[in-house]
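Each of the next two complexes has chain A plus one more chain, namely chain B in the first and chain C in the second.
So, the complex of A and B:
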C-alpha cells in the first residue's frame, strides 16, 4: 500500500518538475522565470533525496537553488525593464531551437533506454564499496570526490577559480545596498553565526555522512550574501591581499598535498592510507574557504573597491587613469 | 618517470595562482612558467619517443575507479605545439598589453588556460575530459572579454552560451556511456563498446558538442565575432589552440574509443560539412573588411580541412596509407596552429601601430612594418599550402588518400579552397605593398614583431622540413606496447 503511495508521489514529483521547467523557460517575464527556476532547484533537491543521494540533494539545494538563485536575482537588478519577450523575427530561430531540443531529448531517451537494457546497474559502485576502507573516509561520496577521483575535484575548483577570474576582469562590483532596517540587520546578526556553525558542521561531517566542501562553501557564501543584503559593503570579505590568498588557497593546498605525496615516491594525490583522512580534511577546509570566497565575489558581481590598487608599479601609475576609463568607468 | 605527465598541468596551474596573488610579478611568473611548461612538454615528447605511450594512474587507483593521464604520439606533439605557441604569445602579450593593470588580469587567466589545454590533451577519462572542456571554455571566454569593449563582451557572452551548450551535449554523451558500460576510462571503453544504439547516441552527442566547440560549419557562427573582437594575443590562442583541442578530441574519440561504432556514412557527413566549411570560410575571408575577421574566417576554413580527413581515415584500411593520412592531419593541425597564431600576432602589431586593421587601408604597411608584412606573407604561404610549408605536405597526402579511397569529391574542394586562400592572402599583401600615406622609414624590427616572425617561420619552414620525423614519431608511438591502437 505504501509502495503505491510512493509511486504516486514520484509521479507527482516528475510531473511537477517537467511542468515547472517548462513554465520557467516559457515565461515571458524574466523575474518570474528566475523565481520558478529557483523553485525547480528545490524540487530537484527533493528528487535527489528520493533517489537516496542526500549529498547531491544538499549540494543542489545550497548551490543550485540557493547561491545560483541569489546570483540570478542580483543579475536581474542590473537588467531592470528587460523582458524575455522574443523580438520580431526571432521566433523562427526560437522554433528551430525548440525542435533541436526535442530531437536531443528523443535521442538521449533512446540511448539511455538501450543503456539500461545493456547494463547490470552496478557500474563502479561495487569498486568504490570494496576500496572504501583504504580511502580514509567512510562517506563514499567524499571518498570518490576527494580520493578516487580527487583530480576531477581539483580541476572543478579550477573551474570555479576561472569563473571568478572572469567576473573580476569584466568590471567593478555592483554598488552596495544601503543598510537595511533594524529588523533586517538584527536578523542578519542572528543568522550569520548560526550559518557559520552550520558550514563548519557540514565540512566536518562530510567524512562520514552527507556534507563536504562544496556544501559548506555554499553555506559560508550564503553568509556573505546575507551580510551584503544587510548593507555590509564588503560582504565579510577581508582586505584585497587576504582575499586573493583565500581565493587560491583551495587549489594551492590541494596541489601541494598531491605533490608532497608524489615526492614521497607515490603517484600524484596517492595519499598514504594512515593519514589519508587528515589530508582530505585539510584539503576540504582550504577548498571550503576558497569556494566561499569565490561565490561571495561572484555575488558582488565584479572587482571590489581597491582590488587593483597594487597591480602596477609606481612609474605606471600614470597609465592607471586610462585603464580605469577603459575598465572601471 | 610517469610524474612527467602532471607537470605540464600543475606548473601553469600553480603559476596562475601566484600571478593572482602577486599581480606585479605577472610577467616574470608567466614567462618562467611558460618556459617550464615548454621544457616539461619537450621532455614528455622525448620520453614518449623512447618508451611509447606513457600513462599514470592518479592517486594510485586503477583507471576506472580513478583517473588516468596518458600521453601518446598525438597528444604529446600537440602538447609541444601548445607549449611553444603559448610561450611565444606570452612574450608578445607583455608588449601588447602596455598597461600593468590589464596584464595583471591577463596572466592568471592565461596560465589557467594553458593548464586547461594541457589537462585536456593528457586526460584519459571521458568525465575528466568534460571538466577540462569547461575549464578551457570558461578561461577562453574570460580572456576574450579582456578587451572590455561592448562588442567584445557581447561576443564573449555568445561564445559562453554556445560553449556551454557544447559541453552539455558532451556531458550527456558521457552519461549515456557510463550508464551503458559502467566505466569512464577511455582505454577500458574502447574494449567494451558495442555497435548498438547507446553507443551511437553517445557518439552523436559527444561529437555534436565538440563540433560546436571546434566551430565546424554550420556551428561556426560564434567564432568570427569572438575571435575578431578579442585582444590579439588572445585571438591567436583561441584560433590556434582552443578550437584545435576540440578537434583533437573528435579525432581521439573516433579513432581510439568508438572504432566499432564508426560507420562510413557518419564520417562522410562530417567530411561534407568540412567541405562546406572550407568553401564558405574561405569565401567569407575573401570578403572580410578587417584583417582579424579575415583570420577568423580563415580558421573556419582550415578546420574544415581537418574534418575532410575523417572520411578518408574511415575509408583507409590499417596500413602505411592510413598512417600517412593520420600523420598528415596532425601536421595540418600543427601548421595551422603556428601559422594562424603568427597571423593574429601580425594583425595585432598592425592594429596597434596603425590604430586599425581595415584591409583596404593597409597601404604603406610593407614600408613601415617590413617584418610584420613578411610574417603575413609567410603565414599566408602556410594557409594556402604552398611548399615548403607543412600544409603543402598535408594537402598532398590528403589528395593521395582521396585518390586511394576513390573519394574524388574532396579533390575539387581542396583545389577551390586553396585558390580562395591564395586570393585572400594576396588581397592582404596587395594592400600592404601599396603605397600609403604613413611613412615609416624605420627598417629595424620592433621587438613586438619578433614573436610572430618566429611562429611564422616554424609554420612555413621548420614543420615542412621536419615533417618526416613527425610521421616516424606518430607511427612509433602508435605501434608501441600499451598504445590504445
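So, the complex of A and C:
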C-alpha cells in the first residue's frame, strides 16, 4: 500500500514539475516565466531529496532557485517594456520545431528504457564506497568532488572564474537600489548574521553530511544579494584589491595544495591519506569564499563602482580623451 | 526497474525537450536563457535518476557530484549570458 502511495507521490511531483516547466517556458510574460522558474527550482529540490540526493537539494534550493532566480529577476528589471514578444508569423517553423520535439521525446524515452533494461553497466559507486576511508571525509559526494575527481572541481572553479571575468568585462554594475523600507532593512539586519552562520555550518558539515563549499558559497552570495536589496551598494564585498584576491583564492589554494603534494612523490592533487581531511577543508574554505565572491559579482552584473579607475590605464584615458575631442569637433 | 526511475526519467526528458523547444522558438534573450536553464534541469534530473537505486539503497555519488558541479556552472553561464544580453541591449539603444 505504502508503495502505491509513493508512486502516486512521484506521479504528482513529476507532473507538477513538468507542468510548471511548460508554463514557465511557454508564457509570453517574462515576469511570470521567471517566477515560475524559481518555483520550478524549489520543486526540483524536493525531487533531489526524494531521489536521495540531499547535497543536490541544498545546492538547488540555494543556487538553482535562489541565486539564478535573483539573477533573472534582476535582469527582468532591465527588460521592463519589452516583455511582450512579437506575434509570430512563423507557424510553419513552429510546427516543424514541435514535430522535432515530439520526435526527440520519443527517441530519448526509447533510449532511457533501453539504458535501464541494460542497466548492468559499470558503476563507479562501488569504487567510491571501497576507497571512501582513504578520502579524508565521510560524505561520499564531498569525497568525489574534492578528492577522487578533484580535477573536475578545480576546472569548474576555473569556469566560474572565467564566467565572472566575462561579466566584469562587459560593463559596469547595475546602479544600486535605494535604501529599502524599515521592514526590509530590519529583515536584512536579522537575516545576514544567520545566513553567515549557516554558511559556516554547511562548509564544516560537508565532510560528513550533506553540505560543502558550493552550498556554503551560495549562502554567502545570498547575503550579498540581501544586502544589495537592502540598499547597500557594495553588497558586502570588500575593496577592489581584496575582492580580486578573494576571486582567485579558490583556484590558487587548490593549485598550491595540488602542487605541494607532488613534493611527497604523489601525483597532482593526490592527497596523502592521513592529512587529506585537513587539505580538503582548507580547499573548501578558499573555494567557498571564491564562489561567494563570484556569485555576488555576477549578481551586481558588472564592474562594481571603483573598479573603473583601476581598469583604465593611462593609455586608455588618453585614447578616450582623444575620441571625446574628436566627437566635439 | 523501478517505477520511480521511469516517472522521473520521463519527467527529465520532458524538461529537456520543453527547454529545447523554448530555446528555439523564443525571440527574447531572457526567455531563451530561461528555457536553456529548464533544458539543463532536465539533464540534471536524468543524471540523478541514473544514480538512484531504490528506497533502501545508497545512491551513486559520482553523478551527484557531476550534477552539483553542473548546477554551479549553469548559474555562472546564466550570469554571463544575462550580462551579454544586457550589453547587447545597451548597444541597440545607443
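As a working rule, the second predicted complex is superposed on the first by the 289 of 329 C-alpha atoms of A that agree within 3 Å, B and C clash if a C-alpha of one lies under 4 Å from a C-alpha of the other, contacts with A are read in each partner's own complex, and residues count from 1 in each chain.
Here is the rule we use: contacts are C-beta pairs under 8 Å (C-beta built on N, C-alpha and C of every residue); 3 or more make two chains touch, one makes a residue touch a chain.
Note that the structure is predicted; figures quoted are calculated from it, not measured.
Colleague: One more residue to check, A:150. First (chain B), second (chain C), both or neither?
Modeller: first
Colleague: Regarding the shared-chain residue A:257, is it in contact with chain B (first), chain C (second), both, or neither?
Modeller: In the superposed model, A:257 contacts neither chain B nor chain C.
Colleague: Taking the superposition as given, does A:248 touch the first partner, chain B, the second, chain C, both, or neither?
Modeller: Touch status of A:248: first partner only.
Colleague: Could you tell me if A:166 is touching chain B, chain C, both of them or neither one (first, second, both, neither)?
Modeller: The answer is both, since A:166 touches chain B and chain C.
Colleague: According to the stated criteria, A:294 is in contact with first (chain B), second (chain C), both, or neither; which is it?
Modeller: After superposing on A, A:294 lies in contact with chain C but is clear of chain B.
Colleague: Of the two partners chain B and chain C, which one touches more residues belonging to chain A?
Modeller: Chain A has more residues touched by C than by the other partner.
Colleague: Thinking of the overlay built on chain A, is A:21 touched by chain B (first), by chain C (second), by both, or by neither?
Modeller: second
Colleague: After superposition on the shared chain, which partner residues are touched by A:52: those of chain B (first), chain C (second), both, or neither?
Modeller: In the superposition, A:52 touches chain C alone.
Colleague: Does the superposition put A:110 against chain B (first), chain C (second), both, or neither?
Modeller: In the superposition, A:110 touches chain B alone.
Colleague: Once the shared chain is lined up, is A:94 touching chain B (first), chain C (second), both, or neither of them?
Modeller: A:94: touches chain C, not chain B.
Colleague: If I apply the document's touch criterion, which positions on chain A are contacted by chain B in one structure and by chain C in the other?
Modeller: The answer is residues 104, 108, 112-113, 115-116, 119, 123-124, 128, 149, 152, 156, 159, 163, 166, 170-171 of chain A.
Colleague: Residues of chain A touching chain B in their complex?
Modeller: So the residues of chain A in touch with chain B come to 104, 107-108, 110-116, 118-120, 122-124, 127-128, 131, 147-152, 155-156, 158-159, 161-163, 165-166, 168-171, 241, 244-245, 247-248, 251-252, 255, 258-259, 262, 266-271, 308, 310-313, 316, 319-320, 322-323, 326-327.
Colleague: If we count contacts the way the header does, which residues on chain B are in touch with chain A in the complex?
Modeller: 2-3, 6, 10, 13-14, 16-18, 20-21, 23-24, 56-61, 64-67, 98-102, 104-105, 108-109, 112, 115-116, 119, 127-128, 131-132, 134-135, 138-139, 141-142, 145-146, 148, 153, 169, 172, 175-176, 178-183, 194, 196-198, 200-202, 204-205
Colleague: Write out the stretch or stretches of chain A touching chain C in their complex.
Modeller: Residues of chain A touching chain C: 6-7, 10-11, 14-15, 17-18, 21-22, 24-26, 30, 33-34, 37, 40-41, 44, 47-48, 50-53, 55-56, 59-60, 63-64, 67-68, 71-72, 74-76, 78-79, 82, 85-86, 88, 94, 97-98, 101, 104-105, 108-109, 112-113, 115-117, 119, 123-125, 128-129, 140-141, 143-145, 149, 152-153, 156, 159-160, 163-164, 166-167, 170-171, 212, 214, 291, 294-295, 298-299, 301-302.
Colleague: In their complex, what parts of chain C are in touch with chain A?
Modeller: 1, 3-11, 13-22, 24-28, 30-31, 33-35, 37-38, 41, 44-46, 48-52, 55, 58-62, 64-69, 71-80, 82-87, 89-90
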